[in-house]
Structure formats: structure tokens, C-alpha cells
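Pasting the structures here.
Each of the next two complexes has subunit A plus one other chain: subunit B in the first, subunit C in the second.
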Partner chain A sequence: MPNRVAIVGIGQTYHTGSRDDVSQPEMVAEAVRAALADAQLSIKDIEGVFFGNMETFEGIYLPDHGMAAEVGAFGKPGFKVNTGGTTGASVVTEGFYMVSSGLYDLALVIGFEKQDCGDTTAAISAAAVPTWAKGAATGAIGEFAKQALSYLETSGAKEEHAAMVRLKADRNACRNPHAHLKLGLKSVDEVLKSPYLVWPLRLMDFCPQSCGACALVLASEKRAEKIHKKPVWIADVEVVHQEPFRAGVFGDPTGKETYTQHVACERLYKRNGITNPRKDIDMAEIYEPSNWEEMNLYEHLHFCDKNEGWKLIEKGITEIEGEFPVNPSGGVIATNPIGATPIIRVAEAALQIRGDAGEHQIARDIKTAMATALGGPNWTVLFLLKRSL
Partner chain B sequence: MSKESPNKKAEGSEYIRIKFDAPRPYNWSTGKYLGKVYAEAKENKKLVSNRCPQCKEIWLPPTPVCPKCKVDMGWDWVELPQTGTVYQYTYLVYPLWDPHFGEKWANPYPSATILLDNGVFYRHWIEETDKEKLRVGMRVQAVWKEDYDERGQGVQDILYFRTIEE
Partner chain C sequence: MQTVTEKLEGMDVWIYHGQIYIPNTYSAGAVGSRFLIELRDKKRIMGTRCPACNRVYVPARSICKDCFGQLDEWVEVSDRGTVLTYAVDHESKPIQPMATPIVYGIIQLDGADTGFVHMLGEVDPEQLRVGMKVQAVFKEERVGNILDIKYFKPLA
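After this line comes the complex of A and B, so read on.
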């Protein structure tokens, strides 16, 4: 039986499109300081530092060349992780493995991205194998457009439903002091007036490029309750890998990311006795790069039956005040500092369990929460968080 | 690197901009398996891939190890049909730079996941650029570069998939 691991410190920067006031390491240090302050610990207490960034998006390879001091890794064990879109979730998984194994009692995990420095879509296209997948490299947006189109053509959802998802995200983001885009959207028509980027995705249908960082302090069972009066336990983690360009693994014909979500959550639910996710889990922070993807993911994460995702939105079930709130933070479509994005899902879910989310706190008592991530190499990472184990 | 010194101002923006004006060549290897695909495309205008000896699944691009069975794939090559059905597509209307080749791609252009007629999925560009004429389920066929000397770019030897009437 692995040792239990708790989140005892949570810190994030504010997120925005441009941070010309700080360098990349300085920005990361803001989140590290916030997490340590939340845990009331000094960097000297931390035994291992694990950090992640979708390197090359900033035109920087090996960002760890220049930030050992800022992240507190100088003279300590630890390393950098890059697994594409899931990077921020992979660093949490890494910290979880290290503390759970008993190697460390206290680990610091950090995710960050400073997208005002480079051309993210060009960098994503460069991630495709140049000897094979040139014709398939459309950046992240092209891939999610294909999924959106499939969803539009097969599920019964209309563009109005996607717009309703966007409105929900914006209403929530406007309540979150850390969110990037706070548009103050009032109506479905406002979203439907937004121009198409990649059919059928509109400008407002897709996540922004944000700058920001998020850090968590993870503690072993023997230390957790002494450090924080409201530790949040990482009850379980599931990771599934797939290749995007060699379709067919797990029987998925298109190689789209959502299939790994489906496989990963089946395993996670089975291990944890979850038969009805909307009853057994209190809320979720999911990784939805687009509003269309959010409806698609409701189905793949078994929050509802197939072709019913858009009905959850129509009925208001996933609103902050709804029966099963999803992304009360505003989600990825409002805030996307890529390497930090999945760790923010974990951080926001943990804040909801603690009751510390502030203006976007769900009014009901949240005891169990789920955080998800998906990414370019078709990784899926899922977390189940609990107030008590 | 830039011939000018970095333009860092005391006030306002703290960004510096660096201009690269020398080419930076990269050399990628196709390897044994993808090399076979490149050779068949250049020499014979054929699209090929390999089949697992155990589960008989054809993997595209070809692979030395079956992802599902985890066994050695051996050297069992199959010629793939060059006709298929559009399974998913997208239509890019923003300009995209290809950082590997330094080219700006045609805009707009449609990219699709195509179900080849033997059930293998393949991703490529579509010739049709009229969005109103694009649909899931449309029938398409590969169009190759005709000039032998222009071929040698692997699957990029297929220019695009053209709509066919049946």
C-alpha cells in the first residue's frame, strides 16, 4: 500500500496575456512563494523540487538552465518534466510518486508557461514528427476543431450549446481573481458573433495563450496534518498514454485524446468504487481547451451518456450553483498558461475541498473532487482528491 | 543572431527581440520502417504500411513493435488503398507557419482524417477549399506529385486527396 499524500500548500500567480514586468524565472518564483506561504513553510523544508513547462513555446529549451534559484531547486534533488499539455499534471504525479514511495516527506511541484515570448502554435506544429506528420500538424486548434466538428455532426448539439458553455466559463472566470479572460459576456449571440478561426471553432470557442505559474506543496501522511489544518488528500492518480498519429490503440479509430480520457476514468472509477460519478464526486475541474471539448468530455468522463453532454449545459447541471459543478474557476478556455494549466485544475479542485476558493467557491460542502488533464502525445492524467481518506 | 545590439529600453516594454538571419539545418532520419514508405512513395507512388503477425492490425505509420500486442512486427508489408472516406475534417482559416520547413502554409486549407478503403485511418490535406462542399463521408482519392525528381518527401509526395464521384 503506497503512503498517503496530501496537498498542504497552494499558490498561483495571476494569469494574463503579457507579463513584460518579469522574466520567466521571476514569474515562477511568485507561485513558489505563494505555495510556501500557504503551507507556512520555508524552501529549506522542501526535500525535492519537480517542475514542468512545455519548453520551446517560449523559444527556450531547458528552461531549468536558468531557474534553480527561483524555484528553490539549487542543491536539491528534482527535475523538470515535459509531457505536452499534461505537463502540469505530470509534475503533480511525479511529486505524488516521490512522497508516496516514502523517499521524501515534502515535495514542491511547479508548472509554468510564459506565452508572451514565442509562437505557441508554430511550436506545437513542430512537435509533430517532421518525417511523417507534416500534413496532420494543424496546431492544437486544428485537432480540437476536428473533434468539435464530429461532436456537432453526431451529438445533436448546436452552436448555441457551445456558446452556453462559453458563457458559463466566463461567468465563473469573472468570479476568479486568478483568471485571465474575463469578458463579461451577457448573451449567446455575443459568442456567436465571434469570427471562425478553424471551422467550427470561433475565436471565443478556444483557450487563450496565458502567462502564469502554479505550485503545490505535497506532504506525507506523518507531516500533512501538522503543516496545514485542511490538507487535501490525493486519493488516486491514473495515467494513460497513446500516440496521436498512429491511430488505433485501445480500438480508437482516430487517435483523438478523448479516448485515453475514457480508458483512464474507467480504471479510476473502478478502483475507487465510483459507479455514478455525478453522485459519488462533488465537482470537477476538467481540461477543456474548447467549449465543444467540454461537452464531449462530459461524455468521455461518464458524467452523462453518449450524446447527452450538451444537455447538461442546457439544464445548468454543471453551473457553480448546479447539481454537479464543472470548472467553477472558469477553466482552460478562460486561462491557459500551458505548463501550469493542469496543475491549476488540481489546485482549484483542492481549494474547493478546503472551502478556500473565495468568490467562486461552490456553496455546497465539497468532499470529493476530480481534476483532469490531456495533452499532445495523447496522455491523460486524472486525479481524485478527498478531504479525508 | 542579430547584427544589432538588443534594443532594451529603460522605460516601457522589457521584451527583447532577437532576429535569426542564418539558416539552421536539421537532418532527420526516416529509419528502416518509414524509409520503406518513402521508397515506395518515390519509386512506385504507393502508400504502404506493415501488419502485426499476431493481431493482423495494420499500423500507419509503420512500426517495429505492435503497440497493442507488444511483439516484433517483422516485415509484412501491405499496399494501402488510395481511396477513402473523410472521417473528420477541419478547415484552417488562420495563417500557419511550418517551423520545420520555414514555409507559410496555403490558407485556407482543409486537413482531414481519412478512412482508407481497407479500414486504416490516415491524415492528410484535402484539395477542396470550398467549405460548403466539405462534409464527413465525402469520397476522396490520393493525388501524387507526378515528377519523379520532386518526390522523395515520403507521404508529402501525395499532394492532397481529391473529391471523387462514384
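After this line comes the complex of A and C, so read on.
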């Protein structure tokens, strides 16, 4: 039985399109300082530092080379991970493994992206295997356009439903001081006037390019309650990988692919006695690069049956005041500093459990929350967070 | 939780501009090479079948991703297939193999169990449909490249 692990410090920068006022390590240090302040700890207390970033997204290789010493890692063990879109979840997983194994009592995990520095789509396209995909890699927009089209054609959803997801995200983002895009959208029609990037995916259907960082302090059971009066426990973690690119799309058009959310959920739910996620879990922060993918994920995370994802949004079930709130932070389509995006999901879910989310706090008491990450195509990391174990 | 930053307005800061260009090579491997040679010399699209999973991979690969078995059973699949999903790209970038608009498609070839990522051509955008039947158009001069298939065109 591994040792129990809790989140005892949460910090994030504000997120925005451009941060020319800071270097990459300076921006990351803001989140680290905020997390340490939240835990009322000094960097000297931290035993290991693990950080994640989408290597080359800033146009440099080995970003840790130029920044480890300035983000609190000087003289400490730890390493950088890059698992694509799931990077920010992988660092939390990594810190969880280290503390639960008993190696460390206090670990700092960091995710960041400074997207004003590089060309994300060029970097993603460079991930394609040259033999099969040279020239056929369209970056994230093309992939999620294909996913949106599959969903539009097969689920019964209309473009109006995607627009309703965007409206929900925007209403929530406007209440979140850390969110990037706060558009003040009022109607479905406003979203439907947004131009197409790649049909049927509109500009407003997709996540922005954000600069920002997020850091968490993870503590062992013996330290957690002495550090923070409201520790949030990482009850469980599940990681499932698919193969990048050749699976073709964020979905399963052949009907013969392993859908990693299914595998990950099956394992996580079974281990934790979850039979009805919407009843057994109080809220979720999910990694939805597009509003279309949010509806798709409702189904694949078993929040509803197949082809019913759009009905959840139509009925308001996933609104902040709804039966099962999803992404009260505004989610990824409001804020996307990619290497930080999944760790923000964990941070925001933890804040909801603590009751510290401020204006976007869910009114109902949140005892159990889920955070998800997606990358690849089709890699999945899931976290189950609890107020008490 | 604390946020310690405020956006600084009107600050004079230095920004360095750069561009990375990294020459590289990528070996197709024995199985990938045979696939490309069949494409070049015989205009045949080849897959490998996993007998344990009863699954045909196209393009051919040497390792089954489900059971991790070594694959050596070659099968020729049809040059015809079904469009599973697609995206129309109007944004021109140097990496792209043809002029925009480009229709990228995921095609399931008859006899294959996997999606095959390529492009669609000779197609009216209004005519594009998930489920439409298409056929490979091969280039006249083939060099042993996935782009020896020019594109897939709709079947009349």
C-alpha cells in the first residue's frame, strides 16, 4: 500500500497571451512562490523538484538547462518530463509516485508554457513520424476539426450545442481571476458568428495560446496536516497511453481502437468503487481543447451514455450551478498554457475541495473531484481528489 | 491561494528573435521500406496482419500495438476505401506537400482495420462526406514515399 499524498500548496500565475515583462524562469518562479506561500513553506523545505514543459514549444531545446536554478531546483534532485499534452499531469503523477514511495516527504511539481515565445503548431507538426505523415500533420487544430466533424456527424449534436459549451466556459472564466480569455459572451449567435478555423471548428470553439505556470506542493501523510489545515488528498491516479498520430484522431473512427479514457476510467472507477460518476464524484475539471471535445469527453469519461454528451450541456447539468459541474474555472478553451494546463485542472479541482476557488467556487460542498488530462492523440491521465481518505 | 503578479504596462524589455532549423534523417525500417517499395514498384498498398488479434495494420508495421507480437504476415489491401473523417486546410505552410486548400482525410482501406492518414483530391468541397468511397491516385513518377500516392479521389 503506497503512502498517502496530499496537495498542501497551490499557486498559479495569471494567464495571458503575452508576458514580455518576464523571462521563462521568472514567470515560473511566480507560480512557485505562490505555491510555497500557500503552503507557508520555504524553498529550503522542498526535497525534490519536478517540472514539465512541452519541449520546443518555446523554440528551445532542454528548457530546464536554462531555468532549473531559478525555479527552486538548484541543489535538489528532480527532472523534467514532457509527455505532450499530458505533461502537466505527468509531473503531478511523478511527484505523487515520489512521495507515495516514501522517497520524499515534500515535492514541488511545476508545469508551464510561455506561448508568446514559439510556434506551437510547427512544434506539434514536427512530432509526426516522417515516413507516414510528412506534410499530413495539421497540428492540434486539424486533429480537433476531424474530431469535431466525427462528433457532429454521429452524435446528433448541432453547432448550437458546441456554442453552449463555449458560453458555459466563458461565464465561468469571467468569474476566475486567473483565466485568460474572458469574452463576456451573451448568446449562442455570438459564438456562431465566429469564423471557422477548419470546418466545423470555429475560432471560439478552440483553446487559446496562453502564457502561464502552475505549481503544487505535495506532502506525505505525516507532514500534510501539519503544513496545511485543508490538505487535498490524491486518492488515486491512472495513466493510459495510446500511440501518437497513427491512431489518426481524437476519437475512434474505425471502432477498433483502444479508447484510453475507457481503459483509464474502468480502472480508476473500479478501484474506488465508483459506479455512477455523476453521483459518486462531485465535480470535474477536464482537459477539453475544444468545446466539441468536451461533449465527446462527457461520454468517454462515462458522465453519460454514448451520443448523450450534448444533452448534458443542453440540460445545464455541467454548469457551475448544475447537478455535476464541469470546468467551473472556465477550462482549457479559456486558458491554455499547455505544459501547465493539466496541472491547473488538478489545482482548480483541489481549490473546489478546499472551498477556496473564490468567485467561481461551486456553492455545494465538494468532497470528491476528478481532474483529467489528454494528449497524444489519445493519452489519458486521471486524478481522483478527496477532502478525506 | 495567492497570486503574486500584476501585468506590467509600458515596460521597456529586450526580446530575442530566432528560428531553429535542425537537419535530420529518419529510417523507415525493413517493414516500412518494403511498404514503400511495393508502393513505388507495383502500386500496391500493403498491410501486416496480427493473427492473434485478427487485425490488419495499414501502413504495414512490424509490431502489434495490442499484443506486442512480431508481425510477418503481409497482406495486400484494396486501393479503395471509406472516408472516416476529414479536415480542409486553407492555411498555407512550407511543410505542406501541395497547394492549399488541402483536404486531409482518414481513410479506412477495404481490408484494413486501421485509419490511413492521407489527402483527398479531385473533390468538390460541397461533395465531401464522411462515409464517401474513395480510390488512391498514384503519381506517375514514384520514388518510394508515402506521397507516391498523390491523393484519394471520390469513386464515381
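Worth a mention:
What we mean here is this: the second predicted complex is superposed on the first by the 371 of 389 C-alpha atoms of A that agree within 3 Å, B and C clash if a C-alpha of one lies under 4 Å from a C-alpha of the other, contacts with A are read in each partner's own complex, and residues count from 1 in each chain.
We take it that contacts are C-beta pairs under 8 Å (C-beta built on N, C-alpha and C of every residue); 3 or more make two chains touch, one makes a residue touch a chain.
The model shown is predicted, which means the values in this text are computed figures rather than measured ones.
In the superposition on chain A, A:A34 makes contact with subunit C only, while subunit B stays out of contact range.
Set against each other, subunit B and subunit C differ in how many residues of subunit A they touch, and the higher count belongs to C. When the shared chain is aligned, subunit B and subunit C each come close enough to touch A:W132.
Residue contacts after overlaying the shared chain place A:Y14 against subunit C, while subunit B stays out of touching range. Once the two complexes are overlaid on the shared chain, A:Q361 sits clear of subunit B and of subunit C alike. Touch criterion not met for A:N307: it reaches neither subunit B nor subunit C. By the touch criterion defined above, A:S194 reaches neither subunit B nor subunit C.
Once the two complexes are laid over each other on the shared chain, residue contacts for A:L149 go to subunit B and to subunit C alike.
Annotation: subunit A residues 20-21, 121-122, 125, 130-138, 142-143, 145-147, 149-150, 153, 198-199, 243, 245-249, 253-254 touch subunit B in one complex and subunit C in the other. Across the interface of their complex, subunit B is touched by residues 20-21, 116-117, 119, 121-123, 125-126, 130-139, 142-143, 145-147, 149-150, 153, 196-199, 243, 245-249, 253-255 of subunit A. Touching subunit A in their complex are the following residues of subunit B: 13-15, 26, 28-30, 34, 57, 59-61, 63, 67-68, 87-94, 96-101, 111, 113, 115, 121, 123-125, 131, 136, 154-156. Interface of subunit C with subunit A (complex): residues 1-5, 7-8, 11, 13, 15, 18-20, 26, 28, 32, 36, 55, 59, 65-66, 84-90, 93, 95-97, 104, 106, 108, 113-115, 117-119, 130, 146-147.
The part of subunit A that touches subunit C in the complex is made up of residues 10-14, 16, 20-21, 30, 33-34, 37-38, 56, 59-61, 121-122, 125, 129-138, 142-143, 145-147, 149-150, 153, 177-178, 198-199, 243, 245-249, 251, 253-254, 256, 258, 347, 351, 356.
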